[in-house]
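To start, the structure itself, in structure tokens.
Note that the chains take the letters A, B, C and D in the order they are written out, and that residue 1 is the start of every chain.
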Amino acid sequence: MQLVDCVWGTGIPVDQFGAILAADSDHEIKAVLATQNETATGVQSDIAALRRAMDEAQHPALLYVDGVSSIGSVDFRMDEWGVDLAVSGSQKGFMLPAGLAILAASQKALEVSASAQMHRCYFDFKDMIATNATGYFPYTPPMTLLRGLRASIDVMLDEGLDNIFARHRFLAEGVRCAVAAWGLELCAKGPEWHSDTVSAIMVPKGYDANEVISRAYHRYGLSLGAGLSQMAGKLFRIGHLGDLNELMLISAIAGAEMAMQDVGIPIVAGSGVAAAETFYRENGEHLLMAAQ
Amino acid sequence: MQLVDCVWGTGIPVDQFGAILAADSDHEIKAVLATQNETATGVQSDIAALRRAMDEAQHPALLYVDGVSSIGSVDFRMDEWGVDLAVSGSQKGFMLPAGLAILAASQKALEVSASAQMHRCYFDFKDMIATNATGYFPYTPPMTLLRGLRASIDVMLDEGLDNIFARHRFLAEGVRCAVAAWGLELCAKGPEWHSDTVSAIMVPKGYDANEVISRAYHRYGLSLGAGLSQMAGKLFRIGHLGDLNELMLISAIAGAEMAMQDVGIPIVAGSGVAAAETFYRENGEHLLMAAQ
Amino acid sequence: MQLVDCVWGTGIPVDQFGAILAADSDHEIKAVLATQNETATGVQSDIAALRRAMDEAQHPALLYVDGVSSIGSVDFRMDEWGVDLAVSGSQKGFMLPAGLAILAASQKALEVSASAQMHRCYFDFKDMIATNATGYFPYTPPMTLLRGLRASIDVMLDEGLDNIFARHRFLAEGVRCAVAAWGLELCAKGPEWHSDTVSAIMVPKGYDANEVISRAYHRYGLSLGAGLSQMAGKLFRIGHLGDLNELMLISAIAGAEMAMQDVGIPIVAGSGVAAAETFYRENGEHLLMAAQ
Amino acid sequence: MQLVDCVWGTGIPVDQFGAILAADSDHEIKAVLATQNETATGVQSDIAALRRAMDEAQHPALLYVDGVSSIGSVDFRMDEWGVDLAVSGSQKGFMLPAGLAILAASQKALEVSASAQMHRCYFDFKDMIATNATGYFPYTPPMTLLRGLRASIDVMLDEGLDNIFARHRFLAEGVRCAVAAWGLELCAKGPEWHSDTVSAIMVPKGYDANEVISRAYHRYGLSLGAGLSQMAGKLFRIGHLGDLNELMLISAIAGAEMAMQDVGIPIVAGSGVAAAETFYRENGEHLLMAAQ
């Protein structure tokens, strides 16, 4: 397994992937694994570009995409991008409790799967596929989540995927305006990496992001995400996906700026909220149109 | 029936009530009806003072209190204040759907009720009291709300009434800070009339408060209350009672300031939120203590 | 007010009503009040026949129908039967918690209402009608029940009113088979009075129906209805309306026969259930068809 | 891996297990896997006896118990029986939706786990244990189920485990009385194998159990379990665990006997219900006591 390491805050280095694949003339690489949206750093990668790089390298590897925090919230095109295996979960864009892993496999992936050697039981595609025709499930099915999924997909189709994607971009942009107004930076090192489903916000040097998170939770009842590994203590995250509107997100922005002030970070009270409000007021008219 | 009219934005004129009762030497006045918290104008009255005025006038009238939007959220003392009939509802401080009228009657009120001449059926105390001992209900009981009431009362006793009252005052004060920062005024004409459960906010002359309300609802998904009768179009209301914390209320403040800007009222973006944030940050430490 | 008394277990004596109206040549009778389904005795009356009797008497009285335990479960025709005021509730055929009174008034009733002298507030049609056009409610609306009503009406229209009426008749008939198998009698004194929404079952002389009810509740977790007034202690009731199928009702039949045995009534174990099973098996095929 | 095959309808052959272990003088057998309650056949095994056989053989193998359909419903003693790994689920005795696998491991199992070679990720004990002290979860936790588990455990402790076990035995015995009254047999070949959480009922030769199941589901809305593998078409199952009382179970018995009659199996209408009723009436007084 070849791991492509990259600077935290950047996404998939498509050119590098292309070069590695081009160099693999014996096609020893069987699959490329890509995360469309990296939750811990708030970095979004360009899966379409990755597909193009694979095609240019004329490499037959399968393309696996981790779309847990992106599918249903930002654009994702299984067929058009030639994705062979996509995985998501119930608890992000599908707005349900955690509990369902949602997988989609291409015909090519299924064929490869047939000759796989690893012992599998619960996670074997074959048992699932065998019962598809009758609508049954090979094991005890999580009925509440399956019914919930049916309801949430209805809600999503009512809003329309394009409207959902636009709303996520719009809401995320408001958070980014708040971050700029605070004088802070995102972990994502440039607009091309900005995630529309989660923003990872770097606290200034000398402050502990975990203190911000703890304060937000214990004093204001707000759950912020934490930085992991080399970003532990350096950032906190505001998630912004699913059933969300401007005012809900302003709650989170307000809570974050209050918690930051409480731990001594020099933030002007209301500065982030004001920037978000102004952005939302000046750019959201299309949402009102869509809702009518 | 003698109606005591008073300027909108003021509460019960206790002295005037006292004078009327003192003048009623024949005791023709059978009951005094007082609203503890006037929802439409955000005005709170002093029931304890009213009781004192009644006592000073040595008048035997019954004291009826409309506590719909106050009981459970601000201090109310049935026995100590000698209230003979108090009415509340499930949908305010008790945090349930609308549907239950909650009545409390003093022994004196029950005795008077026994000789009342008006035809009654559903609302007769007698049928209710007759079944109290067995726990039954004389008619089909609203079971879901009764069970809900049991749960919400448990929640309230867990928090403690004194903590609830302090929290309501604290949250309301933040809204009042926002109003001041906007350069606007409450309908309540002085701190002695400030309601801790709802703030009625006057829009500047020349603007239509109903446009603010409509914009908040249709563009930001925020339900603000409307002015009624002589206040129609002149004010909008932010309710702040029940299961509520700072960040939820900041959502409403933000939505109100965005909607006001949208209809042309000159409000500085984020100004109300900033004032509320600062108030909450500087004064809420006791809440953190209470929660621990 | 002229009250027409009749033997408990019989319904509206239509001929007698007709005779009274015919004799009222000065039209002093302003309205006829009829209960379509008398819950306490399980007696259904013939509202269409009552209308015909009123028409034959050429009497202009209004026709008021209490349809609390019938509307939505058995046939009711506001317009065709010339009903001027119909009342129902959320907690019977509409399958919701108690809390909504559902009223329908004819144009004629509304006109008469306009000149009514009685003081009204909450229950005045005028305030309700005034807000109909905007979709608002004059007072705090019971939103949860209104949304629930929307959902339950969708469910009812999906099943189809004719199917619902047939299902209620079918399910009720199974209970009546059980009663016959027990060797007991209904309070309703003949098939023309049989209610399809509730069966009131007479216990044999010398036994206390309230003991059956108490035993069913405390030992088997089954809520049976009680006899009221002159039927107190003489009967117990099995309700059978709303979201119900054969097996749910067999639970109630089984519980009743177990409780009756427990208090010494000589019932053959399983006899009522066996009779209901046989009736349901031999007559329910149309329901299977309807469901497909 | 050594698989001990046994006749369907019998449980763990404890003597044979003991003999195999005694013969394994090199201790090549690392673990014994036993299912306490075999759902597909309704067979309960004696885990305490298995432990004794292991002890008598003086064999150090770990004891793994599949308690999915037994733990929380029938007696299970992790420590006393020296169980090293027990697995259950949320959807059986814990009365929740499917979704949680509940595992308990002995200290000995954890020690062995530390040196295990198989690649693991989500199911690795280490990550779970590492976060135990803080109350966190190493991955996205299924919050709704965890909160539900807390609630259902409270319900179970309120009833008392001994009362729960007695109730399951009592309810199951009523089903077995019904089966006997039908003249049918359980798959379990003797009282020592009777499961108190599920009864697998053999249909007479010449009939298809799957037709019974299909009829019960499509005509009566009743979900019966199916026979698997060599029992496919030969049996149907009535589950009887969790939040259940006599009348609920009589629904299922009635539905089963109606469906069996519908497909031509010669069953006397009401015979199973009558037998269950009589058993429940004559033996359930202790439950009434327990509830008081």
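Going forward, a residue touches a chain if its C-beta (ideal position, glycine included) is under 8 Å from a C-beta of that chain, and two chains touch if they have at least 3 such contacts.
These numbers were taken from a predicted model, which means no experiment stands behind them.
Asks: Quick one: which chains contact chain A and chain D both?
Replies: Chains touching both chain A and chain D: none.
Asks: Pick out the pair in C-D, A-B or B-C whose interface repeats that of A-D, meaning over half of the contact pairs match by residue number.
Replies: Having compared contact pairs by residue number, the answer is B-C.
Asks: Averaging over Cα atoms per chain, report the distance between chain A and chain C in Å.
Replies: About 55 Å separates the centre of chain A from that of chain C.
Asks: Report the inter-centroid distance (CA atoms only) between chain B and chain C in whole Å.
Replies: Result: the chain centres lie 40 Å from each other.
Asks: Nearest whole angstrom, what separates the Cα centre of chain A from the Cα centre of chain B?
Replies: The computed centroid separation for chain A versus chain B comes out at 44 Å.
Asks: Considering chain A alone, which of its residues make contact with at least two other chains?
Replies: none
Asks: Line, ring, star, complete or other: which describes how these chains touch one another?
Replies: Graph shape, chains as nodes and touching pairs as edges: a ring.
Asks: Please give the residue numbers of chain C that touch chain D in the complex, ascending.
Replies: Per the touch definition, chain C meets chain D at residues 218-222, 245-248, 250-252, 254-255, 257-258, 261-262, 268-271, 273-275, 277-278, 280-281, 284, 287-288, 291.
Asks: Which residues of chain D touch chain A in the complex?
Replies: The touching residues are 89, 91, 97-99, 140-145.
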